[in-house]
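You will see subunit A twice below: alongside subunit B first, and alongside subunit C after that.
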Partner chain A sequence: MESANASAAALRAKIAATEERLKLLKAQLANIEEKEAEEVEESPVTRKWPLLPDEYKRYGRQMIVPSVGIQGQLRLKDASVLIVGAGGLGCPSSAYLAGAGVGTIGIVDGDIVETSNLHRQILHNSSTVGMKKVDSIVSYLKSLNPHLKYITHPTHLTPQNAAEIVSQYELVLDCTDHPTSRYLISDTCILLQKPLVSASALRRDGQLIVLNSPPLPAGDAKGGPCYRCVFPKPPPTDSVVSCGDGGILGPVVGVMGVLQALEGIKLIVEGRLKEEQEVDGRGNTMLLFSASGSPQFRSLKMRARSSKCVACSGNAELTLEKLPGMDYAVFCGIASPIGILKPEERIEAKEYLELEQDSEKTHVLLDVREKVQFDICSLENSINIPSSSFQGTRSSSLQEGKPSWLPETVRADASIYVICRLGNDSQIVTQKLKEAGLDNNGKRAIKDIRGGLKAWKEQVNPSWPEY
Partner chain B sequence: MTETHPKPEMASENTIPILVEFTGGLEMLFSDERKHRLSVPSKDDEGNPVNIGWLVKHLCDKVMKDSRKEMFVLDDHVRPGILVLVNDADWELEGEASYALQPNDNILFVSTLHGG
Partner chain C sequence: MSLATKAPPGHFSILYFASASSYTAKDTEHLPAPLPVSKLFDRLEEKYAGIKSRVLESCLLTVNLEYVDMPDDGSVGLVIKEGDEVAIIPPVSSG
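Showing the complex of A and B:
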């Protein structure tokens, strides 16, 4: 075992050294290429061309599209776009913007690449796991198109840094994953008069909306609506589902990111980044995508700027001076960890292990994850009744007396232990079972396993598959 | 799940056929069905034409089996984060809750997504 560790360490050192060497070689090559490009530019015959020879070849297929042309290409070259979030939306959108030749691309993200990102965040790869997302994404983009300027902001966007970062760009893509960042980005774009392309995705659905376009000053009713016009009040925290909890199909978020890039390219090529008035015939729309819908795409006609909007109306109270003091976490509400049970109503995963091994005592282990998760991995002898099935008012999982899921052979005083993925739903179900009288006035113990299957992996079985 | 558009139907004197749709996860509150074809009375208890405000209450009381009513309605209003569309147009353009339902209307409830 020790010699295996030693040879693994030696290999890791070798790989690190080789990667360093590779980096050096790449830098040398880039240096030479840059000089070559300069020489070409300096040659008196070719000097009048606004693009490099490689750029004519590279962008030719899009330049000959009539709505782009050389004018559109030069606009792309001059343009600067900020992508907030280097994840499932940010990867495809930045790839297409870099491919199209957007001159300056900035990426904001404070996270590092994780293996669970890779099925959809297509610019990261297995060898960049653990790297900062901004570095991973820019290393891909540089190899895709070395002619552009890439700026990394290895931080989360905050009320304190948002204005400074956003002010360096002409267009913003919201590729984030939470209402707090969505309100912050929208507010900042209103204050700095930047158009905003916002997209989101979950499971099999996606949504896309172009906001603040045209980006007219607050109070000008002809400007495009902002995020607050469409969603004046934030959603309740328990209605906000992340991709980590709800799941996401890679191509679904991919399609939304590609559409963001498309909307961005349209705004740039058509010269609408700093447009001063609304062009006739273009209303505000929201695009819905649903992998299982019929039709899959649906365009909705949306409201204009709201005369009551606190960000973009004439009565807006928002200013650049106030922005750093805004607390978006408070505004959107903070999802606090659930702690509804008393300590004696809960047991630790390792305590449950002892119970499980004691064959004298019979008990029931109730796994309340959704069936799709239960099918991936489950504990021996556990019964799966998803927590959602306890929600209905006429729920059969909660009927009076003995519910059908409780095996006939189980004694009336046999304990019930409830487990889920992280230890939140299990508390809610434990409480519901008690409220339904399943504890036989205290004769039967009903307890939740603290920390769920995550704790089980940490305390009991390190080989438990984490998904 | 079959998904078809409603056949144009003649409104009978007392009822109006409408198509109600849920997306963005809201369908989970409504028996996991995205499309609900409903026949609603043309007048409410007070004899006024039924509007979306009436429909929202009807959906909450009669159609929704999930107990999490607050995921759809908060303080007697559609909860924040849900958009309501009347024939694919934002209900704000149509008078919001006071919009009177017409035969074969399509009312779409969209829950905003946040993931990315």
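Showing the complex of A and C:
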């Protein structure tokens, strides 16, 4: 075993060194190619061609599409696009924009690549796990198209840095994953008069909207609506589901990112980035995708800007000066870690371990994850009743006295321990069980296992699969 | 939306997207028509307790693929007719 470990370590070191050398060689090659390109450009005979020889070949297949043409290609070359989020949407959209020859591409993301990203974030790969997402994505894009300028912003977009970053670009793609960033990006785009292509995806559903197009100043009713016109009220914080919690199919977010790139390319080649361009109101639709739907795509007609909008209407009070002071977390409702139980209503995972061996049936372990997660891995003798089945006031999972899910063999005073993936839902269910009177006026203990199965892995069983 | 059947006589179809679909555990269903949009949320609240504040209030509402406003002046507003297709579209923010 030891010698196997040693040779694995030696191999890893060798691979790392080879990759380092490869990077160096690629950089040298890029350097030479750049010089060559400059020389070609400087020669008087070739100066009349606006693109490099390689660019004619590279973009030929899209340039001969009548709606693109050489004019469209030159507009792409002149364009600058900011992609906010280098994840499931940002990967496919940036790849197609780079492939199409968008001259300047900026990427904002403060995260690092994780293994759980790889099934959908197609520009990252196993060897870039642990790297900054912006660096991983740009290393892919550079090898795809070395002719472009790539700018990385290794940070999250905040009300303090948004205006400074967004102002450097002509078009913005919202590829983020939270309501706070969606409102922030929309507001910033209104203030700086940038068109915005916003896409999102969860599980098997996706949404795509072109916003603030045409990008006219706030108060001009002919401008395109903003995110607040469409969704003036953010969803309740505790109902916001992330891809990490709700799940996401790779091709669903992939198709949304690809469509986002398409809308971006259309805006650029049609010359619709600037407000002075004549616009006929086309393209102002919201596209809904549902993998299980029939039809899978539905297109909704968008309306004009809302006269009540706090960001883009004539009554809007938003200004660039006020933006850094805006608190989007407060607007969307602060998602503080749930802590609704008293300390004595909770136990640690390692404390539960001692109870686990108990054969007297003096307790029940209730796992409140969704069944699909329970099926992946579960603790021995645990009962699965998903937290969603405790929703609503008439839930059958909350019958007083003895609900049907409690096994017959269990004693009436047997304690109930509630566990979930991370330890939030289990607290809510613990409280609901108590409110429903299942604790028999204190005769039965009902407790939450603090930190859920994540804590179980950390404190008790390191081999527990983390998904 | 796997069930794309036409609404039976005297009914309209309602489509639930994203979190509306999770909350109702349905993609679509048929409800009795006519129904004023101003009564729609209350009607759904009766069927799915808690859905109004948890889902509906931040949603976009469309009738036949065009979006409609909830009347906020106490008027009846648009009336959903037999055969209409209503969609409840919550914001999806992840990606």
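For this structure, a couple of remarks:
Following the convention adopted for this analysis, the second predicted complex is superposed on the first by the 439 of 467 C-alpha atoms of A that agree within 3 Å, B and C clash if a C-alpha of one lies under 4 Å from a C-alpha of the other, contacts with A are read in each partner's own complex, and residues count from 1 in each chain.
One rule holds in what follows: a residue touches a chain if its C-beta (ideal position, glycine included) is under 8 Å from a C-beta of that chain, and two chains touch if they have at least 3 such contacts.
Keep in mind it's a predicted model, so treat the numbers as computed, not measured.
Superimposing the complexes on subunit A yields a three-chain arrangement in which subunit B and subunit C clash. In the superposition on chain A, contact of A:89 is made with both subunit B and subunit C.
Of the two partner chains placed by superposition, subunit B and subunit C are both touched by A:177.
Looking at the shared chain after the overlay, A:384 reaches neither subunit B nor subunit C. When the two complexes are overlaid on their common chain A, residue A:158 makes contact with neither subunit B nor subunit C.
Contacts of A:193 after superposition: neither subunit B nor subunit C is touched.
Residues common to the contacts of subunit A with subunit B and with subunit C across the two structures: 85, 87-89, 175-179, 182, 199-203, 205-207, 230-231, 233-236, 239-243, 246, 248, 253, 256, 286, 288, 290, 292-294, 298-303, 388, 391-394. Contact residues on subunit B toward subunit A in their complex (touch as defined above): 1, 3, 23-25, 28, 34, 65-68, 70-71, 74, 79-81, 83, 85, 88-90, 92-93, 108, 110-116.
Those residues of subunit A lying in contact with subunit C across their complex are 85, 87-89, 175-179, 182, 199-203, 205-207, 230-231, 233-236, 239-243, 246, 248, 253, 256-257, 286, 288, 290, 292-295, 298-303, 388, 391-394. Of all residues in subunit C, those touching subunit A in their complex are 1-2, 4, 17-19, 21-23, 27, 48-50, 53-55, 57-58, 60, 62, 65-67, 87, 89-95. Within the complex formed with subunit B, the residues of subunit A that make contact are 85, 87-90, 174-179, 182, 199-203, 205-207, 230-236, 238-243, 246, 248, 253, 256, 286, 288, 290, 292-294, 298-303, 388, 391-395.
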